[in-house]
Structure formats: structure tokens, C-alpha cells
Amino acid sequence: MFVNLKLVWLVTLLFFSSFSTTMAADNRLVITGSSTVAPLALEIAKLFENNNPGIRIDVQTGGSSRGINDARMGLANIGMVSRALKPAESDLTPFTIAMDGIGMIVHKSNNIKTLSNAQIIAIYKGKITNWKQLGGSDLAISVVNKAEGRSTLELFLKHFSLKNSQIKAHVVIGDNQQGIKTVSGTPGAIGYVSIGTAEYEEKQGTPIRLLPLAGVSASVRDGVFPLSRPLNLVTKGKPSLLAKRFIGFAQSAEVHGLVKNQFFVPLKP
Amino acid sequence: MADQIFKAVILACTAFIGLVFLWILGEVVVKGISHLSFSFLFDAPVNSGRAGGIAPILVSTLMIIIVAVSVSVPLGLGVAVWLSEFTKQGQKFATSTRLTLDVLAGIPSIVYGLFGNAFFCIYLGLGFSILSGGLTLACMILPIFIRTCEMGLRTVNDSWRKGALALGMTRTAAIWHILLPSATPAIIAGLVLGIGRATAETAALIFTSGYVDRMPESFMDSGRALAVHIYDLSMNVTGGDHAAYATALTLIILIVFFNIMAQFMMDQWLGRKVLSS
Amino acid sequence: MALLKTSFLFLSSLKHQPDRTLSFFLAILAALSGLLLLLVILFLAKEAWPGLTNGGWRSFLTHKSWYPLEGMFGIFPMIWASLAMMFGAVLIAIPLGLSAAIVMRFYIPPTSLLAQAYRLILGLLAGIPSVVYGLWGLTVLVPLIGQLHPPGASLLAAILILALMILPTIALTALAALEAIPKTILSGAAALGMSQKGQILSVALPAARMGIIGGILLSMARALGETMAVLMVAGNVVQNPDSLFAPVRALTANIALEMAYATSFHRASLFASGLLLTFLVFLLSWFASRNMGNNHYG
Amino acid sequence: MTQKQPPYKADKDNQDERAIPYTLGNLEAGEPCCIPKAHLQVQNLSVSYNNITVLDDVSLDIHKGCITALIGPSGCGKTSFLSALNKLTDLTASAEVKGSILFDTQNLVSDKIDVMALRRRIGMIFQQPNPFPLSIWRNLDLPLREHGFRNKSVRRKKIEKSLQDVGLWDEVKDRLQDSALALSGGQQQRLCIARALVLEPEILLMDEPCSALDPISSCVVEELILRLQGKYTVIIVTHNLAQARRIANYAAFFWMKERVGKLIEFGQCQHLFETPKDDLTAAYISGAKG
């Protein structure tokens, strides 16, 4: 019965599809996933399109899990994942294009200069609720946490050996950008985001400040920052010809400038 | 005395509401106008929408509406005619169809988003596309449109039906030449209601038509609607508030424009054919 | 009665071929549109199935909260949050909306410029996209509340925004119901020497109550199903709403927030909560239409 | 069975008295006497809605070219009787018609009748004038087209003649494209009659055609009905006894007995009014009952 229904619907839709190109067309790529990778992928895509006229690449965000999900379901040709793949995801092939880290951010006006791991854990568990307790000004702490399905959250939890259910959050956000926006709009807020994104925003003049983590100041440049991760493009099975070309381009030295502009660390040649 | 106090209290409440609403509208207009310009409407967004304009987003929105309307209007008109002209009171099939439509009208838009994602995007393989989004919205506005049209047809003077049939005309002719033209104001009202819903919709579109803010080249491209753009600018883009307000103002102007157009069309219609009950 | 009178055309009397063809064709269209509900429910159920079978539904009830990473799928905190928002919004919107309707019906002449402008504004606001309310809430209301109790995104913000969104609906339906009361009823009350307050509170409102209640139920359904505005201002932390300033996550917001990347059981749970939402909203609109249907005056 | 009443003459007298500002058209009056030949034979006709009988066991002959008036109080089944004749009862889902109506050897009660063709031969005029919300021209044009008159000049001739017959041509010939709803009540009703005549029916059913009109318009329409006599068979429901007496050749008196409409008396109009056989009839026409 379902097959027949599907046929009926498809016939109805033929009117529209008749003058449209389909997703399977070989001049289009759909890339979805991590909001950390997205700005970089967008820049690379623009360059790629310039070099290859007639090619169209659509980039959409939604989180690493969406990247994995869409690549699996065939909704996207390439998924973006801002972490290493898990064993359960071995059906996908990862292609690392850059390295990134996760950093704690506070509002620019916050006079706290550094936080220990124990302090961060206490803040996120709701044991410390005012900056006063850490020697700062008398201001309630607003804990900004990421929504589930975001690899930033998973890495953060793993690094601090926390469970999401232990965290007493005040705001739950999705994209990195949303986290930065929330922190920049709330003087007492603390959050964690991609360092690349945070550095980029800081340079743009957004009122946020990256905190050093365990005494290491925030930068993944030399690869020693404690909370670092690979930024991956993933495909299901073997990538199509165009996807393969794009991935090859994204891993090439041609895009290192773009990677650095986004404050990520290019792969060593 | 109690009368005076009562009057004072409810007048104060009313004034308060008016002021709050003027505040909202004022905020949108003032913050929006400062960012709104000719180039804002005709440029592509730059830097996630912080700069540039909304041209591709306007185009996507219109394309989504076109899909939604061109699917739901013929279908809805047919169903409305059937319900009001070809069914008798208490007929099981008609009653259950009506009940079904009532239930459909009540489903929250986010649930339509879920359905659209599962059905159009994945099951039919349309992916994140304007087509998926438009079809999802078509499902959403269909019951409202049918309801308004059916009501319009029901209020058509019954004596015209009898008159037409007494002249030996077929029902088909009566519907086509007399009933549908007479119900045109209601049909336009239903259409405007539907378009208004479609234009304002966000939740059903995020997972169906997607996020891409580039100029769509076909109905199979992903396209970002105005409402989705507002959401994205306000939630995910630092320093995007002004662009968000400008987009919101554009969206409101668009909706008002549709309403005025509809009013104009109705006036034209009523001016041409004196309809009275 | 009017309905009874007009629906007189029926299939068995279709003697002419074009009529039969048209009727047949239209009946197919109707069946198709009816099929749509089946399709929606079928697909929701199909996607929700893995979450409901094998005792999966039990995890919705037994777990205290919603942590998909840890395999906890308790939806009660979000149900409570949704209900708290809905009732809070309605509680604020009812008195304000009724006041507006009463003032427009009894205290200012309907043809005056003020009344027309007010009505225009209400109509306009009823049509304004929810995301615009969300934008206003996010940039104006949340920082305001944030000064009182940071960070500001909270149950209170959601309640206030929802109240604003449903106010026009409540006011306009109540106004329609009040206007539909026969003049004789009111002049009868006035002839008895009742004060205007008495006329309004003990005659007009009770006479229009069916229409008013119908409008309230409809707006409750809208508040419960609202996604974007709530998502933008409520803070989205999954927890039982224990204070007005607590950030909470509504059922709808949960779907919007996690749907994009949820997989397997997680995704199924989201579809299941979509089904639940549909059911709740359906109940409300069903009550509403029953009320509106029985209303003698409008 | 010769018709005694000379309607044409009486009509002329009336016209002078009332000094009607309208000019009636050139529809020639039929034979002064109608032919005593049954055009419709109604036998044991019963109509019920939702299994509740509203009209029971009516038998009478409608004579060709004559005007037959149906009189009686409201709710005694007169309108149901009319509706049964052109099968408009079909429109009410729960209606059931029993008995037989013979029209040209066809039994109209049967389900196999081609209703569209039948309704072209048996036209109907309603109490409330119901011109379509279209232009005056299209009101007449539409039914012609629906009945397959493809030739435009043929339609034009028919429409013009029909409008002249009802005396509307001179009044509207300059504004045929205006909305029919802009006409006055009396004009609207004459337009409806023209709309029925344009299809050249044999029988016209009229359901209180004058009762929704002002007195002057009512007179004009009444004149018009009189002129239809002879050419068309007219069955008219009226509450106006004087009108029935003025225009009808035959009269049928309906009355409610135990909540069921019955035909009490049927005969030549003059006889029914002057020498009623039934006491009920006598009481009703004298105003003692009803």
C-alpha cells in the first residue's frame, strides 16, 4: 500500500520536479552539521565555487549529530562533525580538515582572569552561584550549557568527567554563535564554545573573553591545548566524484589561509 | 461608585494593552526602519546576515508560498465544494472528513515540521528543499482554507441553488457559474488567511525547507524563509539584531500588503457584482 | 438550523453525468485530504514506534528528566513547563482581553476613530508571526527580566510573550461574542435599572460565555502548540518549573531544539512527544469547537 | 366544462382602475378559454419528510393552458405539492414522494426521469425573486447556454423576446450588463419569469410570486400571469384569495387535517368560490377559518 501511495504522491509532485534539478545532480553538494565547522566549510565552498563555475554548494548548520544523521539518511552529501567519530559511527568515513579546541568564555566586563578545573566543575554543578565566591564582583552566575547532540557538549562533559544531568544550567543553547550571543548579552554568564569561533568573534569586537584552561591560554595553534578536537567532513560509503573533489580541496594547502582566518589550526602537510 | 471604579479599571487595562502593542510595533518599526533600505531588499546576505540584504530570502519565501498555495487552493476548493454541495447532513463520509479537517487544523506547526521532515524530505526523498517546505505548509493551511471556503459556500443564497436547478441546470453549472463566483470573497479571505499563516511560519520550515540563505535556483533547492531568517539572526548571529528587526518589518509589511491586496480584490469584486443576501 | 436547511444536495439525486463525474472527482479530493491526517499520524507513529514499543514508553514516565546522552527520556518536566506556560499566559490574557472586548463593545462607540484604530491594531497583532514576538521578547523583555533576576530567559518571559500572542485572539473572539448578543437582552437589563457594570458582568458576559470560552480554549491550544517564541525566550533548561524565574523547556521547543540531530531512540522519543502534543491540542480544539458550536448567539 | 370567466376583459378593467405606470409587453394573451384537457394527472400523491407525511393522497388534473390556483393556510402542503411536480423534492435529502404524476405518459414520481430535461419543460417561479448575482443579460443567457443553445444570435433573439414578453425590455435594454440585483423587487420577479420563459416551458409553477412584492409590482406581475394563460399551463400558490379569484380558472383548496395536508376541494374557480361543496372551504373563503 505504501509503495502505491508513494507513487501517487510522486506523480502529483512531478509538475514541480519536472523543471527542477534533483538532489542527485552532479553539480550540487549539500553539506550539513556542526556549527563549528560550518563557517569554515562555507568559506571553502565559496572558494571552490569560484574555482569551479556551475557548481553549487549549500551549507546548513544543526550540530554534529545532524551532520552524521543527514549523511546517513542521504539528506546531505557531506556531514560536518566537530569531533572524532565514535565506534558506532564506523559506517561513515571521516576526512579531517582542521583542528579546533573548546574554550570557556565569559563576558568582557567580568574581572575573573582564570578558573581552575575544580572551579568550573563547581560552577556547572551549581555549587558556586555567584562570581563573588571566586573573588569577582557580586554578580549571579548564569551557566550556559549546550543542547544535547552537540559535540562541543560531549567533549566538555568528557573532559571534566561530568554528566549532563549533574549540570545546573540557566540557559541551554544550540549553535556556537548562540552561546557567544548569550554570553555577550549577559554580564554574569559563563559558557564554553569552539575556540576558533570565539577568537573570531572576539576580534570582531563582541564583548566576550576567552579564559585559559588549566593554565594553558586559549589557542590550539601548537596542539597542546587540553580540549582539542578534529574537525571532520564525513560521507557515507565512498564519496561521489564531486564530494571527493571538494573534500580533497578542503584538505589541501590552498585553504590554509581560510582555516587560519577562522582561528582554526590547519592540518600539518 | 463601584461602577466608576470598574470602568476605570477596564479602561486602564485596555489602554495598557494598547500601549504594550504600540511598544512592540514601535520597536519593530523604529529598529527596522533604521536598517531597512532599498539595497537591503535587493542584496544577498553577507557575513551570516550581519551585512547585506535579504533578496534570496524574499525569493525563497515567495517560492515557498507559491508551492503551498498552488497545491492547497485547487485541492481545498474541490473539497469545500464537495462538502457544501454534494454531501447531506449526517452523511458518514462527510462528517468524518470534516472531523479530520478539524483535527488537522489543530495540529501544532512544529508537528507538521516533524511530519514534513519524515514524509517529504526523507520518505519521498525531496531533501531540504523549497518544495518540501511548501508542501508541508500546504498541508498546514489546507484545513483552514477548506473551512473558510465551505462557510462561504454555505452562506451563498440558497434560492440561487434552487433557481438554477429549477431551470434545469446541472449542479456543475450552478457551482461553476453562480455559487463559486458568489463565494469569491470568502475564498479570497481563506486564501489570505492561509498565505498569512504560511508567511509567518517558522517551526514547520526549519526541518523541511532548511537554512540556506542563498538565491534558490529551483524548487529543489533549500531556501530560508523570512521568519527562519529572523530566528537565525536573533538567536545565532551576534550583532544581527538590527538586521533581524529590519527583516521582521519587511515580513510584517509583506503580510499587511497581502491583506490590503485581498481587500482591494474583494472591493473590486463587490463593485462589479452587487451581491446581497 | 441554517446548516440543516442548506445542505440539501446529495449524491443519490445526481441524474446527470457531469454532476456524477464532478462529485466522484471531488469525493476523491476529499478522501485525499482526509488521508492527510492518516498520513500525518501514520508517519508520526511510524517514526515514534521504536520509542513506544518494548516498554520504551515506560522511560517517558519513569525517568525524572530528559538526558538523551545518558539514555534518560523523562518528559514530565517539559509537560509541566508547557502546561505552566499555557495556564500562566491564559491567566494574564483573560482579564486583559476581556477588558479590551468590553471597552470596545460598551464604552467607546464602534465607529469612532479610536475604536477602529484599536481594532486594526488587534487584527494586525493577531497576524504577526510568532518569531517576531520572540524577537521582541529576546531583545527587550528578557534583558528587562534579566535585570531583576539574571539571565532573564525564564518561565516568566515565556508566559508574558505567550500572553501577548493570545491576547488579540481572546479579545477579538470575546468581542464577536459580545456583539452577537441580541440588543433586547441588554435593553431589558437596562430597563430593570441595572448599572452598566451590572449589565456587563451579570448579563452580557454570561450571555456571551460560550463564545468567550471557545475563544479561550482556542488560544490555549495556540499557546500549547507555540514553538518559536517559547524557544527564544524560555531558556530551554529541562527542569520542573519551580519558580517564575526558572528557565524551562517546553515540549515544542524540545522538538525544535533536538530534532535536527536526534537519532534512533532519541528521534523516536521526539516524534512520540509530537504525537502527545497533537493529542493535547486536539482535545483543546475539540472542546473549543464544541463550545462554539453550541453558542446560540454566535 | 367550459370556462366562463373572461379573464382578458376583467384584466383590462383592472388596469384602467389602477393606472399602472408600467407598460406590459407584447405577449399575446392565449385563448380566452383554456382547453379542458389534462396536462398533468396527479393521482394519490403523498409527500413526506423524515417519514412525517405533509401531504397525503392528493388526486387532481391540471388542465392545459389554464391557471390553477392552490389556496389554503400555511403549512398545508401546497409548496410540497409544487415541488413534487418538477422534482425539486429531490433536493431535500429526506423527502419521499409516493403516488403518480402523469405527464405525457411519463410518471414523474419515477426515479428514471431526466430531471434536467423535465425542469426545462416545467419552470418554476419562487416567492422571493431570485435573480442570479450576474448581469441581467447573463441571467437569461446562462440557462440557454446550459441547455445547448450554441448560436449567439439565436440566444439574443430568445432573450429579447422573453424580456419583451414580461414587459422588461424597454426598462432594461440600455443596461443589460448591469447587475440583476440592482433591479427593483417587481422587476426582479419579472426577470425571473422571463428567465423561466426563455426556455419555452409548457408548465409554470409559481410559489406565491406576488407576496414578497409591493402592491404596484404585485399588480404588474399579476397582469403578466394572466397573459400567460392559454400559452402556458400555470399552477400558482397564493394566499391572496382575491387574486386567486381574479386570475385562476381552477382552484384547489388544501387544509391541514390531523397535521397532514389534504386536498379538500378542487374545481372551477368560480364554483369553488361561489358554491363551495365543503363546509371547510366555505368557512375559509368567507374568512371564518384560516
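A few points about this structure:
The chains carry the letters A, B, C and D, assigned in the order they are written, with residues numbered from 1 in each.
The rule is simple: a contact is a pair of C-beta atoms (placed from the backbone, for glycine too) under 8 Å apart; a residue touches a chain by one contact, two chains touch by 3 or more.
None of these values were measured; they are calculated from a predicted model.
The chains that touch subunit A as well as subunit C are B.
Closest to the protein's overall CA centre, chain by chain, comes B. Across all inter-chain contacts, the pair with the most C-beta pairs is B-C.
Chain centre most remote from that of subunit B: D (centre = mean of CA atoms). Inter-chain spacing, taken between the CA centroids of subunit B and subunit C, is 17 Å.
The geometric centre of subunit A is 82 Å away from that of subunit D, both derived from CA atoms. Between subunit C and subunit D the centroid-to-centroid distance comes to 54 Å (mean Cα coordinates, whole Å). As a whole-number value, the distance joining the C-alpha centres of subunit A and subunit B reads 34 Å.
Of all residues in subunit A, those that touch two or more other chains are 62, 174. Shown for subunit C are the residues in touch with two or more other chains, namely 7-10, 16, 39, 260. Within subunit D, contacts with two or more other chains are made by residues 91, 93, 115-116. Residue ranges on subunit B touching subunit D, taken from their complex, read 88-89, 157, 159-170, 173, 177-178, 181-182, 273-276. Those residues of subunit A that touch subunit C in the complex are listed here as 5, 62-69, 72, 139-140, 142, 145, 147-150, 153-154, 157, 163-165, 169-174, 182, 185-189. Against subunit C, in their complex, subunit B makes its touches with residues 2-3, 6-7, 9-11, 13-14, 16-18, 20-22, 24-25, 27-28, 75-76, 78-79, 81-89, 91, 93-94, 96-97, 100-115, 117-119, 123, 139, 142-143, 146, 154, 158, 161, 170-173, 175, 196, 199-203, 206-207, 227-228, 230-231, 234-235, 241, 244-245, 248, 251-252, 255-256, 259. Contact residues on subunit D toward subunit B in their complex (touch as defined above): 86, 88, 91, 93, 115-120, 123-124, 126, 128, 130-134, 142-143, 146-147, 179, 181-182, 192, 195-196, 199. Those residues of subunit B whose C-beta lies close enough to touch subunit A in the complex are 48, 67, 121-129, 131, 135, 210-212, 214, 217-222, 235-239.
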